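In the two complexes that follow, chain A is the common piece, with chain B as its partner first and chain C second.
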Partner chain A sequence: MSTRTTDRRSPAADGAPAADRPAPARPAPARTGSGTRERLTAGMFLAPAVLLVALFLLAPFGWTVHRSFFSDTRTSPFSWFENYALFASDPALTRSVQNTLMWVVGTVVLPFVLGLAIACMTDASRLSRFARLCVVLPYALSGSAVAVVWNFMLTTDGAVNQVLTNVGLGSFAQGWLLTWPGNTVVMILANAWQATGVAVILFLVGLRSIPPETLEAGALDGANGWQQFRHVVLPQLRPVSIIVIGMSLVNGLKSFDLIWVLTQGGPGRATETLAVSMYNETFLELRPGAGAAIAVVLTVIVLAASWFYLRRQLDVKGV
Partner chain B sequence: MSTGRVLRNATLTVLALLWLVPTWLLVVNALVPAESYSGSPHWLPDGFGLLDNMSEAWDRASLGPALGNSLLYSVVSAAAAAVTAAFAAFATVVMPVRRQALWFWVVYSGTLLPLQVFIRPLFLSYAQTSLYDTQTGLVLVYTAIAVPFAFFVLRNYALTMEREIVEAARMDGASWWRLFWQIHVPLTRSAMVAVFVFQFVAVWNDLMFGITMVTSRNIRPVMAALADLQGNYSNVGPPVVLAGALLVSLPTVVLFFSAQRFFVSSLRIHR
Partner chain C sequence: MSASGRTGSAAPPLARRRLLAGAAAGAAALAAGGCARGASTSAQPGTTSISNDNATWDDGYRAAGRELKKHTGYALRPLSNPSVTSYQQVVQMTLQTSKSSDLVKWASGYQLKRLARAGGLTDLTPVWDAYADRGWVRRASRDAFAYRGKVYGVPLYESYYVLFYSKPVFAKLGLSVPGSWDALLHCAEVLKRNGITPFLASQVGGWPAIEWFQELVSKTDPGFYQRLVDGEASYTDEPARRAMDVWHDFMRKGWMTAPDFDQARGPGALKEGTVGLFLHGTWQASGMSAVGMEPGSGYGAFLLPTLRPGTPRSVIAESGVFAVPSRASSHDAAMANVGAWLDPSVQRVWSDFLQDSSANPKVRASNPVVAGLQRDIARDRARALVRYWEASPPSLVQGNTNDLGGFMAGQTSPAETLRRMQERAGDEWAAWKKDEA
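Entry: the complex of A and B
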């Protein structure tokens, strides 16, 4: 399991909140020379990563937070939370929040349920292997390629409408990407088509690590198939489930490519999520202050969502 | 066969076919010669126009330079990130560094933030420093984005390693530099490969920086070119766009299925 604990780590590597802990508890190697020189060498090993991250990620992050407090329109630029108030007043942003919520629910529930079901239903048979291949294959495609495929499915003269017309349900044929909320829903389905594969892989890994004795014990106690699943398998899949949920949640919040290539957030900004709204406000509407505020809100949500599963990951991994 | 088994096989068959339909249509319609595409999707192969469609897509969206660029960005960024992160992981796990938790969070925090939060400041500073629309600029961005996650994976891996080997070598008077290259890197090689594969795919598939930090056709990466091709959907026709999507996906599909083991292991360590 990914959550295997290790006793090998030194106490100093055991993170906890103590960022300002004194010198590491591990005894320094014998041939230390001067401590200053040692630390200088260590600094040189750390420097490239720290500089890259500080320069390209943390400084821009600080800049964006700062920018979010400055108005795009007024002449006296500092405007407190005016940009954040746009969430209440701008209908495009309200819609964007609604869409983001739909994405979060859809991207967590669909891959989780489908992935778990497929992983549990398949075994070593030929049909199972074929089914798994079918589901995992789309995961190897990029978001942009998935968008190209689903545009082909969903356009007015696309495959979905063709099938509906041919089976006599022509009245259901429609412009799938044109009306809200249907367009957001079909994009969430397209996303699930791609993202279920990785959930299947992770659940298979989790299932493989369940000791068969626990299942035998359950069977001896007279548990039927469902009870086995509910009380023996599912609890042991908890660590993997947390990874799958956390991953889907964060990916759903960050998803950009699929929406951008399929609709660019349109028509009329109806399919934007926060990730797309930020891009639109900043680079197309040219309102960088509003874009920065959206980016900050998105960051807060992503951090909160990450916390949900990182807490556990970090506990076990001992950061 | 029991009813349960029949039911299960039926469900599996339906799910598999449902999943297969978009993939199937992608391949079949990329095969249809563009001039004989009638306006509605084909469900069975009809002629072989795949190579013509691909070369049409290649010309229309300048896929040649785009593929070359993406190969450059993916290989260089993923390798640079793996090495940079390995340095940092080595320093925080093996070397006597003060404030390990602080350094951990400084580097790791980058992977928690959404990319949207970086993009405009980077765009502006690139415009001012003439890194905008250059290959160097994109390599730097991609490397920086890849480092935090790579660091997290490599550090976790390093934590599970035997420390005695390093300490023994240290007693024998080996320098940190030699220790890193001759002992640490060989011991963490599988994790470094996992990180490389993962980041290669992530960079290859990126769209947002590809459409923001560059404009020239001979600098842009492959997903930006595909998005451009998709933008001309009604002009070039579905078979050409689908053939283009297929072409740009081939490298990652091949890599994914040949290195799935590495891929999964890096996923399990993180998200």
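Entry: the complex of A and C
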């Protein structure tokens, strides 16, 4: 206790010039008993969260990794990387990877571009509140409900084809959900219809936080509207853009509900993404080992993509 | 610091502790409740619980249960989970626990064999033998309910795959029930000429993709169908190729609905006259009534004719089963109820509810359309073939069903589809036999 008190005194308090004295030592660690108690207290506060994460996230993930190395026959012998080799040999999984990539590109590009455009156009408009409500409303709906609505529109005898036929464009009517890659593309568009809402909200928040002085300065320097947007607004929206793209990236990789309700991954297995394939292999084809391998690969891809993206973006920003 | 001040400063931690203690107590209570036997599957006097994946049948179970109670003292208490996939997971998991229901609705054939292989089902061989002695089951169908010689399920219902049609539409177009393949083709041509899509074909929900495949293969050669599903013939053999070519030809002629046509709309489409013939199980009869079509006057049904006149007659049959988990909470009551399930008085109520044929061949359907089909099947001595969904190992059937769905959407040619199906058959039969060994 005395040591601690001495160390905490100001060097100047002894009456000598501070410069002549050795640099004050860093405060010594707290007494052992007190430190242990603090660590214990901190541990107790952390324990529930750590336990929950370990119990419901890490343990199942560990079990999934373990299961992926075992065969799906009745006795489930250890089979090394046999389940992972399915990615090379099973055409359904190859198609699933292609679809997942399409979903990632579609769910990143469309909500970003549309969200930014709608936010910019409605920010200053008179009807902005109403327009924003229209765009944001689908985001409040559940994915399954959205899929049911789109199913009503996209089936061969659905609303879209009926409208096309009635306006004399019957030659464009087709089975929107039947042929690849068109079926995956229309589902990505349906997803964008829903997901754009949140991007609009985030971009609007970003736009509101831009100081008007920067725009005024740009205008005084003679920048036209596009130049102001490109060189003044867009750079200041970077933090929001990082969040929008990061969220879209992960959403694209784990897309499931819309696909499941609209096509269940079919016809055949043409519209499966990795998330759907994981479910299909595990619960329908009754191959939990293959399903576990897909789950592990999907997890690695999501983590790697998120990590690379956020690390690069946040480092550049210096956040 | 005043006394009141101390009290004031001490209050927040105390409240927080109380809050935490309350939350902990609540969590413990929830956990304890969760660990306890669920009220839904716990034993309830005078009833047996039954897990079921078709909530629209709940009233039928209750009605049949009231009749059962007169025989056994136990009624039926349905516990429904309408999602088939989720239902299967729940049943398979709970079979290994003490939270299983008393009776479980399941599919017959290889679906039942796989469940029995995992353990947890009661041997119902004595019950089956007692039924067989009374003539309440078809002895020839025993294999569809057995695994390694022991019976693990009693028939819950038996449906046939037939073509439903609208009697008013047929009368308007001057059509009659086709008795031969050529007559069927004539029907299709007339329907198409009048702007009606002749056949309903769908892959919505996955499994309906098997319907036309099993029907065309079995009507090409029923013996081949049996060998095919037993793993003794190849999907690339001539009868399968011929059946797929016929199907492909129907699709090219525009005789089939788009593959994303929802079968739930089938009865309505028949009534409206937008679709001519609906290939489906006879359990669809209740759906016909639901849209206001009366059996006999509103709609009729017939078996698909064979492709060649000399081909033996056959019918695709679908049977559900009742299985009894060995750890059922009211095991004795469950055994009593499966032992009386096929009693004609119980089946009368059940068959009337379903408007379908009973699994007890001595009980005649009250629905005149289904009764007529039963009569035709008996008269022609049509061979009952197990539906494709239950006739081969589940992993093989699921994969091949996906391939058939792809074929319906035009992704693969008939030859390529069959090649893929055969490739999978080789792998999956080898895996099944290896597991059995």
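What we mean here is this: the second predicted complex is superposed on the first by the 260 of 319 C-alpha atoms of A that agree within 3 Å, B and C clash if a C-alpha of one lies under 4 Å from a C-alpha of the other, contacts with A are read in each partner's own complex, and residues count from 1 in each chain.
The rule is short, and it goes like this: a contact is a pair of C-beta atoms (placed from the backbone, for glycine too) under 8 Å apart; a residue touches a chain by one contact, two chains touch by 3 or more.
Predicted model only: the values in this text are computed from it and were never measured.
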| item | value |
| --- | --- |
| First (chain B), second (chain C), both or neither touched by A:Leu164 | neither |
| Touched partner set for A:Leu46, first chain B, second chain C, both or neither | first |
| Contacts of A:Arg74 with chain B and chain C, given as first, second, both or neither | second |
| Which superposed partner A:Met102 touches (first chain B, second chain C, both, neither) | neither |
| Touching partner for A:Phe283 - first (chain B), second (chain C), both, neither | both |
| Which superposed partner A:Ala219 touches (first chain B, second chain C, both, neither) | neither |
| Partner chain in contact with A:Leu178 - chain B first, chain C second, else both or neither | second |
| Chain A residues touched by each partner, larger count belonging to chain B or chain C | B |
| Touching partner for A:Pro267 - first (chain B), second (chain C), both, neither | second |
| Touching partner for A:Thr156 - first (chain B), second (chain C), both, neither | second |
| Chain C-contacting residues of chain A that also contact chain B | 155, 157, 283 |
| Interface residues, chain A side, partner chain B - complex | 2, 6, 8-10, 12-13, 15-24, 26, 28-32, 38-39, 41-43, 45-46, 48-50, 52-61, 63-64, 67, 114, 118, 121-122, 127-128, 130-131, 134-135, 137-145, 147-153, 155, 157-159, 162, 193, 196, 198, 201-202, 205, 225, 243, 246-247, 250, 253-254, 256-257, 260-261, 275, 278-279, 282-283, 288, 291-292, 294-296, 298-299, 302-303, 306, 309-310, 313, 317-319 |
| Chain A-touching residues of chain B, taken from the complex the two chains share | 4, 8-9, 11-13, 15-17, 19-23, 25-26, 29, 39-41, 84-85, 87-88, 90-93, 95-110, 112-122, 125, 140-141, 143-145, 147-148, 151, 156, 159-163, 167, 170-171, 173, 176, 180, 204-205, 207-208, 212, 223, 226-227, 230, 233, 238, 241-242, 244-246, 248-249, 252-253, 256-257, 260, 264, 267-271 |
| Chain C - residues contacting chain A, complex | 85, 88-89, 114, 117, 203, 205-206, 258-262, 394-395, 398-399, 402-403, 405-412, 431, 434-435 |
| Chain C partner contacts - residues on chain A that touch it in the complex | 72-75, 92, 155-157, 175, 177-180, 264, 266-270, 283-287 |
